[in-house]
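Alright, structures below, take your time with them.
Two complexes are shown next, each including chain A; its partner changes from chain B in the first to chain C in the second.
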Partner chain A sequence: MSKTYISRHPLESRIPADPGIRAVDHLEVPQRVAIATVMAAEGGDAFVAAALAAAGDLSLRFVAPGEWLALSQLDTPEILQRNLSLLLAEAAHIVDQSDGRVLLRLSGPNVRRILAKGIATDLHPNVFEVGTSSNVLCGHISVNLARTGENEFEVIVMRSFAESLFDDLKTMGREFDLSVGFST
Partner chain B sequence: MTAYRLSAGGLVDRTNRMDFKFDGRTMSGLSGDTLASALLANDQLLVGRSFKYHRPRGIVTAGPSEPNALVTIGQGSRSDPNTKATVAELYAGLDARSQNRWPSLKHDVGALNNLLSPFLSAGFYYKTFMWPAAFWEKVYEPIIRRAAGLGRAVLERDPETYEKVWAHCDLLVVGAGPTGLMAARTAGRAGLRVILADEDFRPGGSLLSETVEIDGMPAPAFAETLLAELRSLPNVTIMPRTTVFGWYDDNVFGAVERVQKHVAQPQAKLPVERLWRIVAKRALLATGAEERPLVFGGNDRPGVMMASAVSTYANRFGVASGKSVAIFTNGGTGYRTAADLAAQGIEIAVIIDSRADADDVAPTGTRVIRSGSVTDTKGKHRVSGIVVERSGFEDTIACDAVAMSGGWNPVIHLACQRGAKAVWSPELNSFLAPDVGNGLAVAGAAAGIYSLAACLSDGAGKAAAIIADLGFSAVSDVLPSVSGEIDPSFTALWYAPGAKAKAFVDFQNDVHVKDLGLALREGFGHVEHAKRYTTNGMATDQGKLSGINATGLLAAMQGISPADVGTTTFRPFYTPVAFGALAGTSRDEHAAPVRKSPLYNWAQKNGAVFVDSGLWYRPAWFARDGERTWRQSTDREVLNVRQNVGICDVSTLGKIEIFGRDAAEFLNRLYCNAFLKLPVGKARYGLMLREDGMVYDDGTTSRLSSEHFFMTTTTALAGGVMSHMEYCAQVLWPDLKVRFCSSTDQWAQMAIAGPKARHVVQALVEDDVSDAAFPFLAAQAVTLKGGLKGRLFRISFSGELAYELAVPAWFGEAVADAAMEEGRAHGICAYGLEALNVLRLEKGHVTHAEFDGRVTPDDAGFGRMVSAQKSDFIGKRLSTRYGLTAADRMQMVGLKPVEADKTFRAGAHLLREGAKPSTLNDQGYVSSAGFSPTLGHDIALAFLKSGRERYGERVVVWDKLGGTETVAEVCHPVFVDPGNAKLNS
Partner chain C sequence: MASLISCPHCGTRPKEEFSIRGDASVLRPDPEASDEAWNDYVHIRANPRGRYREHWQHVAGCRRWLVVERDTMTHEVYSVTDGAVAAREAAR
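Let's turn to the complex of A and B:
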């Protein structure tokens, strides 16, 4: 007997089907992003970093020395895994985290002011430039934060904390009428 | 206009009248007023009663140091007690009440305390209410607390919202007075990221009360010009209504912003207060100086005010503090106030100057008494005259207000909050900030620089130094010119001699000079002792007015320098901060994050009752129709697992992926048992010790390929084990080639346990899961029917034939649904933490109830697991020390009641039969206990001295909390299937 299993987004119960009017400050939740932890094997940090940077279709997030999250908005988790394995072979260890992490995208003119309510890191564009990413605390919750644009940040959170972080972000954005919705 | 509102002048908007209430009476003020200025304009000078003697007290200051004018603002759950009227911004509809009076402000019964005051001297609580000792808590303290006190805390839930925010800057300027504004402008022009914080609702500081001209403009207009420029600079943030209250490590400053304290109806989407944590590369204190009160007889009479406050009320708020004002001063400031009053046409009754000669010039026609002293004041609810004495000649002079000026105390609070002590300056007669290094500098009046021109120059100069220090280039700046300044220097006067009435030092706590003298005589002369003995400086104003005077008096009484007395310790907070602001949004569901398992929805729809387990919500049991208690559900779940099959969410266990050439060696050193030769495709139970030889955590680790291991930890220590491993890899053995990361959240993991488990698992996965193909402790990647990739482990916590199936988390609910569907024919049930616990208890499996940090592997029966062959592992050295190998250590045993209907509780202690309960006779304790539906009676795991030699012996289970003593038989801790036939079936 063959089965087809349905995948459920962890925030399904939190995000209304009809998102309503999109405000200038918006929290967008992509339906599915392939995410993998990439850990350079012994002494391979520089090679892995260079190879990942050269692979144009990946987004890279810094986690720790020699450790990154590699993201793909287009590929499935399996294809991302395979591509990374082909690219890095023995130079890195790869762990699929697509189900273990949830990506949230915050954008709008007040996004820095919203994030400052939970994150202690200085997000001034001269300090935290576009393309920068780091593990930071948002309130009580550890997240990976990346600046993807002048007024756009992506937050990657562990799946089990996603609902709490989502609720916290909504509270943080209340002042600016932050709207929320899945990517369309 | 009211009697005391001047006909013109001030920074109030005379076209915008605002009605407010004080003690139920409707009054009218103006936009730009504080509550205090509006009260003064309405001739409401009497605003409260003092803490101990209930003496009538009036407004003394025009700022945050106010000791008397404390009121409760708002009604019901929205009321704020102990709010200083001198900083409360007036708004239409404000509703304020006076405090510490009954039945009314004017007629207060508690004032009897004043008549009793000879018996209420310093330390009187300790002396009077010593005996009998039991009376203190039950009788004396409640009475004293009712008699003495200020506003009452509201016990209702606070309906307001608060939040916390981080901010970052190159330069934080604290205080937007002349010094701070110039510093911010200089730094802002140079391109620094500047935050300028000021506690007032209107930035400008003393400039708002100044009458001098700067660059040809009135001082408030000059302030507005600077502010307009600052507002135009994108790199400058001005934060009004923001009090910087604390200085912390790493140059982080705490500040509270009153976002909606000045509105009648707060907007729901904004907090009423915001707590800022400001990370500043540099900070500049431009907090100005606080005017020092004079200590003279009757100085607490309503109408006696600080001279600078009298000026501020006149110049900034257009309010006369009196119709005929006497001035008592020891320096130039009294003359400045005289000039301000003269300019407003307010009568000056007299100027009493404690100095013999001074260059200060009084307004024409004003009577000046040099070398004079005020010895008493007249009047009840407002001063009506003062008694003046000079060289033995006494005179009573009528007046309805007294402006006093005892010189200036630089506001250095923040600079002293991290341990450095204030430094006495004999030249300036005041304490100055210590040198606290680069992070924080002090400028202007806060640094003892009192002339306005010098403050403007110092603000710009100190900012320029910081600019250079941070590697920016300063933009050249022309300093503004000031005309018409007075010289604010003064000669210290700690005590006006000849007092004929109480001369108060601390107005709010009713501490007068004689209290300090008593403290000194009784051996409490050290400034910190005197503070506690007299309560000087312990009121809500924390000694802002009284602290330095107490130091000066204690020094003068002993004939020593104030430098030798020192100050009491400065600590955050500078002014009180509401608990709500400190909590921010971290309340209710935001108090702690909730972690949800990928099987949460599955559990919920199957009737789970959840329990907090750390941050996780885990199913405790799955209630079915007709089940009324948790025990009924749990017993059913346990029996069903033993007879058929059950499914349980184990996703919360910590999961760590470990890679690398040395991964096996790494694990071999982490665990006390051997892992080097674990075959690929196998799981092994592992015990981790601490360095001290005690068990730290346990779990299974599987080898998925030669250089890839998969570790599970207990739920509780998932984070702890990960940190431990990071420490080991980075600090202890950086030479090992190993990498690891958590995959806890990636997998939904379900235990499928029971004699019929194989049918269910085989229905789900393609791979052969027969005992031959997939024996006990097999572990490997599998493919589910339909192609989904998962992992399968043949491990068992229940003692049954059991598998743990892991699938990618987002598919967890669907796979668990399918397992329920496939299992229906086999009688499957979902089981929760309670059943999980009973099952493991029956099997004698341990948890952190057993591994509580005091237990060695041998204590728990794992002695043979500890590898003797391994050259080293964490905990090896200390596990052989004396005491850890002693024969009479408590060892884990099972207990069953001799009478089957008796029960056990964890925490009970064990005694020999007939022995009296005592520490000496203690034989051990129960770590886990519960009802075993399989056996039909309670069972327990316990630690008993030399327990393994005592199977069959009877012990008493002594439960002091439950009030029971139960006789139990000691037995082997495995109650069910000791031969592991079920496991291997």
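Let's turn to the complex of A and C:
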């Protein structure tokens, strides 16, 4: 007997289908992002780091020494997994997390003031530079935070915490009329 | 309590991101060691007022175990080392 499974975004019930008016500070939720965790095999940290850095079409997020999240906005999860396996072979363990993690993109002039309500890490532009990424605590939830632009941050959170974090971010952004919506 | 800990991997972070896992100065005795030695290792702690070496785990960050040397009275943090690095240094 074959079963048909429907893939649902965990925030589908929270985000209205009609996006409404986009404010200057906006929380954007891309629906299809391929995400994989890459963990270097013992002693292989340097090799894996170099190989990942050389693969230009990946977006990389630092998690821990020898551990990264690799993102691709263009590839499907299967292709990302295959590309990473070809690139790293036995040097790393690769696990697809596309359905296990949720990506949220915050942008706008007040983005730091919004994030500061939940994150105690120093996010000053000169300290947390563009391209920096790290695991941080947001409220009570551990998330991966990355600065992807001048006033743009991306947050990756575990699927089961996504709704809770989403509600927190909306509360944190209410002062600035933060608007939310799926990527179009 | 020291409220900011500088993780060698993640940078300066609030203590809420960490979990304190106890005295880092005790050494695990030989499996054949006396009950006395094992009792000391498992249960007996000094609780000093002053400088103290502790295991801290960065649970909300890189999840690495760290060895934090701090003062329990003044809250001053003297050093933070990755647990693996500290173990390698101790073995030397």
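One rule holds for everything that comes next: the second predicted complex is superposed on the first by the 180 of 184 C-alpha atoms of A that agree within 3 Å, B and C clash if a C-alpha of one lies under 4 Å from a C-alpha of the other, contacts with A are read in each partner's own complex, and residues count from 1 in each chain.
Just so it is clear, a residue touches a chain if its C-beta (ideal position, glycine included) is under 8 Å from a C-beta of that chain, and two chains touch if they have at least 3 such contacts.
Keep in mind that what you see is a predicted model, and the values were worked out from it rather than measured.
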item	value
Chain B versus chain C as contact partner of A:122, first or second or both or neither	both
Contacts of A:150 with chain B and chain C, given as first, second, both or neither	neither
Touch count on chain A, higher of chain B and chain C	B
Which of chain B and chain C A:6 touches, first, second, both or neither	first
Which of chain B and chain C A:57 touches, first, second, both or neither	neither
Partner chain in contact with A:135 - chain B first, chain C second, else both or neither	second
Where chain A meets both chain C and chain B, residue numbers	67, 120, 122
Interfacial residue positions of chain B with respect to chain A in the complex	163-168, 193, 269-270, 277, 279, 585-586, 589-590, 592-598, 601, 616, 657, 659-661, 708, 737, 739-741, 743-747, 763-764, 784-786, 788, 807-811, 813-815, 818
Footprint of chain C on chain A - complex, ascending	63-65, 67, 120-122, 134-137, 142
Touch list for chain A against partner chain B, complex	1-10, 13, 37, 39-42, 66-67, 77, 93, 95-101, 113, 116-117, 119-120, 122, 124, 127, 139-141, 158-161, 163-165, 167-168, 171-172, 174-175, 177
Residues on chain C engaged by chain A in the complex (per definition of touch)	9-14, 16-17, 59-64, 82
